[in-house]
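Heads up, the next two complexes both have chain A, just with different partners, chain B and then chain C.
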Partner chain A sequence: MSTATRTIPAKPSATGKRRPLGGQERTNWPATAVLIVCTLGVLVPLYVTVSMAFKTTGQAVDGNAFSLPSPLTFDSFVQAWTLTNFSRGFAISVFVSVIAVVGEIVVSALAAYAIVRNWDRKLFRWSFFYLLAAMFIPFPVVALPQIQLTGLVGLDNPLGVAILHIVFALAFNTMLFTAFLRSIPLELEESMRMDGAGTWQVFWRLIFPLLGPMSATVGIFAFIASWNDFMMPSLIISDPEMQTIPVLQKIFQTQFSNSYNVAFASYLMAMAPAIVVYLFTQRWVMSGLTQGAVK
Partner chain B sequence: MLPPLPSAGTPLSRRTFLAAAGGSLAAFSLAACSPAGAQPTITFHQSKPEAVPYFRDLTAKFTASQDRFRVLHDMATNLSASFVRSSPPDLGCLNYNLEMARFMERGALSDLADLPEAASIRGDVLDLTNWYPTYPGRTSVIPYSVMAASVIYNRRIFEANGLSVPTTWDELIDVCERLKAVGITPIYGTFRDPWTIAQGLFDYTVGGMVDVRGFYQSMHGAGEKVGPDSEVSFQKTLLEPVRRMVQLKKYVNADAASRGYGDGNTAMAQGQAAMYFQGPWAFGEIEKAGTDVDLGTFPLPVTDNPADLKVRVNIDLSLWVPEVSNGQQGARAFIQYLMQPEIQDTYNAKFLGFGTVKDAPPVTDPRIVEMQKYYDEGRFYMGASQFIPNTIPAANYIQSIIGGADAEGTLRRMDADWARLAFRA
Partner chain C sequence: MSSMTRPSTRAVVAPPAAAEAPRARKSRVDPLYYFFLFPSLAIFTLAVTLPAVLGFVYSFTNSVGFGDFEFIGIRNFIAVFQDDGILGSYGFTLAFSLVTVILVNIVAFFLALGLTSRIRFRAALRTVFVIPMVISGIVIAFVFQYLFSNSLPLAGQSLGIEPLATSILANPDLAWLAIVLVTAWQSIPSAMLIYIAGLLTVSPEVYEASSIDGATPWHNLRHITLPLVAGYAVINTVLGFKNYLNTYDIIVGLTDGGPGVSTRSVAMAIFRGFEGGDYAYQMANAVIFFLISVAIALIQLRFTRGKGGIAA
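Here is the complex of A and B:
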């Protein structure tokens, strides 16, 4: 955390100072134009999503996706809410995401710490490679056995999905944490041990706080991945009353029917937490993206 | 803009984080315990979106009407996964197709023959399930609703141009020519979505000319020998209908290649074309636009003999109970509830389905009423595209034929695919 607070404010102020001087740095107009066009790639669909959500069913299918909603209606939100039993699905989604985020951060940080500090021992070194190897096994490949296994041990529920998220992300997260941990000087730890701290204390009081920026990165990835996931909950969760939002939303688009307005209203509601999380954590997102890029 | 985040806040926020996680965990485990009452829960899987509110209402009513079972409406379970886990829904109410038939073929569905409701089903409708691979000696599924599909046409356009419903191929071409001459699009094509070609143009032309069931029986019999020299094959038996299908391409809208199912429904609602090759499921979508378009249906004439006219049907909803379900009793009780005339007939009237029982009332909706005659007389077939395993991308092959690929060559390729698949099996 401390590293983040020290470095982040420095950057905006540096660029902030450069701008007013003006003239010195010429605006790259071709690149700006390209980027403006690129932003349209996000803004136009987003506009359609928002305007569609407020349209009546009749207007939603009239073939003019870009028209403004008239009359403005909130019916789609009401319909989407009742059809998917939104509040329950939302609670389940939050439950899965919270466990996945916390679990991924804690478990991977512990694993990375153990591995980095015992790098000279074969067991730990090889366990690192073993974990990394899991990066090459995507979920769909082992989906069927996973369905059977989770069914056997009674984990065919949201908790099972959260655990699977933690396990499947373990490889990548451990790699991120390991790279970051290597940059933390051993001397810090040694001085703490001199004062009588045990390994556990060193980890929780010193290492884990220092891992803050990387934890934020891992947490953000974990949140996005678990919040938006469709396949895993769809396959693993057996009780239809315990299903997550993305799976429940499947009902809005089938081969034979489209309810654009209800679907988009529902998507907007499902997107809301991701946007709120981003608004509050964007500076970590920005800083996090480059964490571990340079060792 | 952002709330100040104290640098010393990490342990604090972590603690709140964990507390929140623990809290929701506790809430979750409590929630998991609470519904475990005395009544066993019957999971009722039904995922036809427009019918969800209807069936949800029924499950609530049934649960309230007796105290032995609680029926839980389920629209989210992944069927394959649930069968893998040996915890499938207790009662399924789904479209019956080749994929579903796999479960039946392997004996995963229990025998419902002893239910009095099974005996009330029309013989030729119950026989539709035998078009697919079956499990010998069992009535594994009870057809609940049949959908009949044929050409959707705009009555006002036909009347305004003095056209009557065609009953032979030549009449059909004549209708198309006359519409074209006055600048009206005869047929609205939605070729961007391959399935709309397969289930529309392809199924209608093939079904109107070829005995679909006999054709596939021979195809299965020939198996890996299917090819240029076999008695039946795609390239030989289906070539003529496919040629006629390509002939109709002349009469579609110019932008058909870039139009999808949704566009087609919008266009038909706005009266942009006279005919549309879709099933009754499109009516619900066309209705959404809220226009007062007057639509009807007629079977596509593909031969010169009006006696050959048939409509395409499919078992839109069928009821089945898995063998491994431990709520079979409740599932059967709910089947009997659903099969009561006032409930089944209401469903079919509401969702444009045809009844499956012997004494089902005729349909009354003006949009599909013209098909009742064919349905009563048993003049129907199931879509030819529905019997090709998904391993063969038939819809895409058909799309490429419509797009201009050589029909004979493409059908030959389908034969080769069929033979390869039979060899592997």
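Here is the complex of A and C:
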């Protein structure tokens, strides 16, 4: 895990190069110490979440967020599970995320490939700029008509939310894929075509596998964004029974506002999947973000 | 970047070796390419362009979201400009965005500087600093809401700090600070990673050379590092502003726009369009919001071009 994080593929030289220069192999201990202290800013809220989740209701209301749970109990998780109907919310969140991940990768990759290979055609070039315009249109601007339209066509449900996630990420993803595709040499594709392969085979057998690393990045960001989102599902999904996990957390503000331990157990269960996915895929998270920025 | 592409795509058409394929493509495009492009264009047009056009048209009507309506010209727009609630939401959103952008950039830059210097536990530290990015905004806002309304007042009371003795979320003058802090907590990691990418492009030889010339670390920072990462600061500002202007989840989790309407963002105001028959009125607000967002983005992009930082 820890070795994987070191590689930012675009600039692999940094760590290796800097050390030998000037013969300065000294570790910068003051900087290390300061950074370790800074991690408290990240870790303390997470620690509070975990420790609160394992407390009894009696201990949770004493107002001391930083104390260790004593006695340790799992009751709050059981209660949170039933109160939020966690299994149903989980299934719906997974449904939205899977469609968003697969959709964002496939739809954007196909479009990017068509655009890059036909860049000298007006239609494709203008389509690219048309899609990029989405960067300037945030969800709140079109939300009201969207809520109306999704209701009208029966998409005021998790499927509609997944589609909207695909749409709002389209501009950025297509940009990432086109930038990447432009760096793939054409010789491979040409020889495959001379062997009689059509565009369909070339894309799925050659191009799509080559896009793998970029698809991984797009997919992970699609997962994190759709798993964590509150704004879209809370506005688009009309049936409260069909809500995603982040939206379900609201019941601890409205109905069960004094069950802090249950609330925090529920928050922890809501956060955990994204954190776990991040820990296992952080290489692509980091490289994707920096590539996206530099391009 | 895009100037590089044209020759290379043209090159496909040119090579004499693959005589047949290029000729076929020059005369007509493989229909499959249209099929590849179609899904994106279709969902984008139906899910963004159509609602945008509809919203624009509705903003000139007195529609309440359903039933009959009439065109009433620009009366909605005039009313928006006279609505203290909406003007207040713009004031809050812009001020909040500005403060957050500055805070995020400063913290992210110094974290990135630390993480690219000769430290121990680099990988582990970076892993920890990135975690906030992957946590749901509303969920972490609920966690902080508990801390701000329970733990912080306790600490304030025991330390005798008067303004902190009560929940800052209930204080109309301080609640926005809590929103800035939580938003910054969540968006520092992505800005930090972009700064790290920027700092890694600076060749160590540059520092080496300037150290030989007797430059102090402060000189290096001021005259080498800062100018070289200026372009990355612009990226972070553009991306950050875009997100903060549309801020919603974290505010819902912390204050829900309160106390009163002191922390109501523009997005929250627009979403209220379905309550109380404000539909067309809030669409006019959305149109204005769109124009302001585009204006801010264009100003920032012009500034970027001057710096030329991200073109690299």
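As a convention for this text, the second predicted complex is superposed on the first by the 248 of 295 C-alpha atoms of A that agree within 3 Å, B and C clash if a C-alpha of one lies under 4 Å from a C-alpha of the other, contacts with A are read in each partner's own complex, and residues count from 1 in each chain.
Following the convention adopted for this analysis, a contact is a pair of C-beta atoms (placed from the backbone, for glycine too) under 8 Å apart; a residue touches a chain by one contact, two chains touch by 3 or more.
This is a predicted model, so every value here is computed, not measured.
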Looking at the overlay, what does A:Gly212 touch: chain B (first), chain C (second), both, or neither?
-> first
Figure out whether A:Arg193 sits in contact with chain B (first) or chain C (second), or with both, or with neither.
-> second
Pick one for A:Val142: touches chain B only (first), chain C only (second), both, or neither.
-> second
Partner chain in contact with A:Tyr130 - chain B first, chain C second, else both or neither | second
Touched partner set for A:Thr57, first chain B, second chain C, both or neither = first
Would you mind checking which one, chain B or chain C, touches more residues on chain A?
-> C
Once the shared chain is lined up, is A:Val37 touching chain B (first), chain C (second), both, or neither of them?
-> neither
Could you look at A:Glu241 and tell me whether it touches chain B, chain C, both or neither (first, second, both, neither)?
-> first
Both chain B and chain C touch chain A at residues 1-2, 5, 63, 143-144, 147-148, 235, 250, 252
In the complex, chain A residues that touch chain C | 1-3, 5-6, 8, 10-11, 13-15, 17-19, 21-22, 24, 26-29, 31-32, 34-36, 38-39, 41-43, 45-46, 48-49, 52, 63-66, 107-108, 110-111, 113-121, 124, 127, 130-131, 134-149, 163-164, 166-168, 170, 174, 179, 182, 186, 190, 193-194, 198-200, 203, 224, 227-231, 235, 246, 249-250, 252-253, 260, 263-264, 267, 270-271, 274-275, 277-279, 282, 285-286, 289-290, 293-295
Chain A contact footprint on chain B (complex, rising order) | 2-3, 7, 10-11, 17-18, 20-21, 24-25, 27-28, 32, 35, 43, 45, 47-50, 52-53, 72-78, 81-82, 84-87, 195, 261-263, 265-267, 269-270, 281-282, 284-285, 288-290
Residue set of chain C touching chain A in the complex reads 1, 4-6, 8-13, 15, 17-18, 21, 29-30, 32-34, 36-37, 39-41, 43-44, 47-48, 50-52, 54-55, 58, 65, 111, 114-140, 142-144, 146-147, 150-151, 154, 185, 190, 193-194, 196-197, 200-201, 204-205, 208, 211, 232, 235, 239, 242, 245-246, 248-249, 252-253, 266-267, 270-271, 273-274, 279, 282-283, 286-287, 289-290, 293-294, 297, 310, 312
Touching chain B in the complex: which residues of chain A?
-> 1-2, 5, 57-58, 60-63, 83, 91, 94-95, 98-99, 102, 143-144, 147-148, 150-151, 156-159, 209, 212, 234-236, 238, 240-243, 247-248, 250-252, 254-259, 280, 283
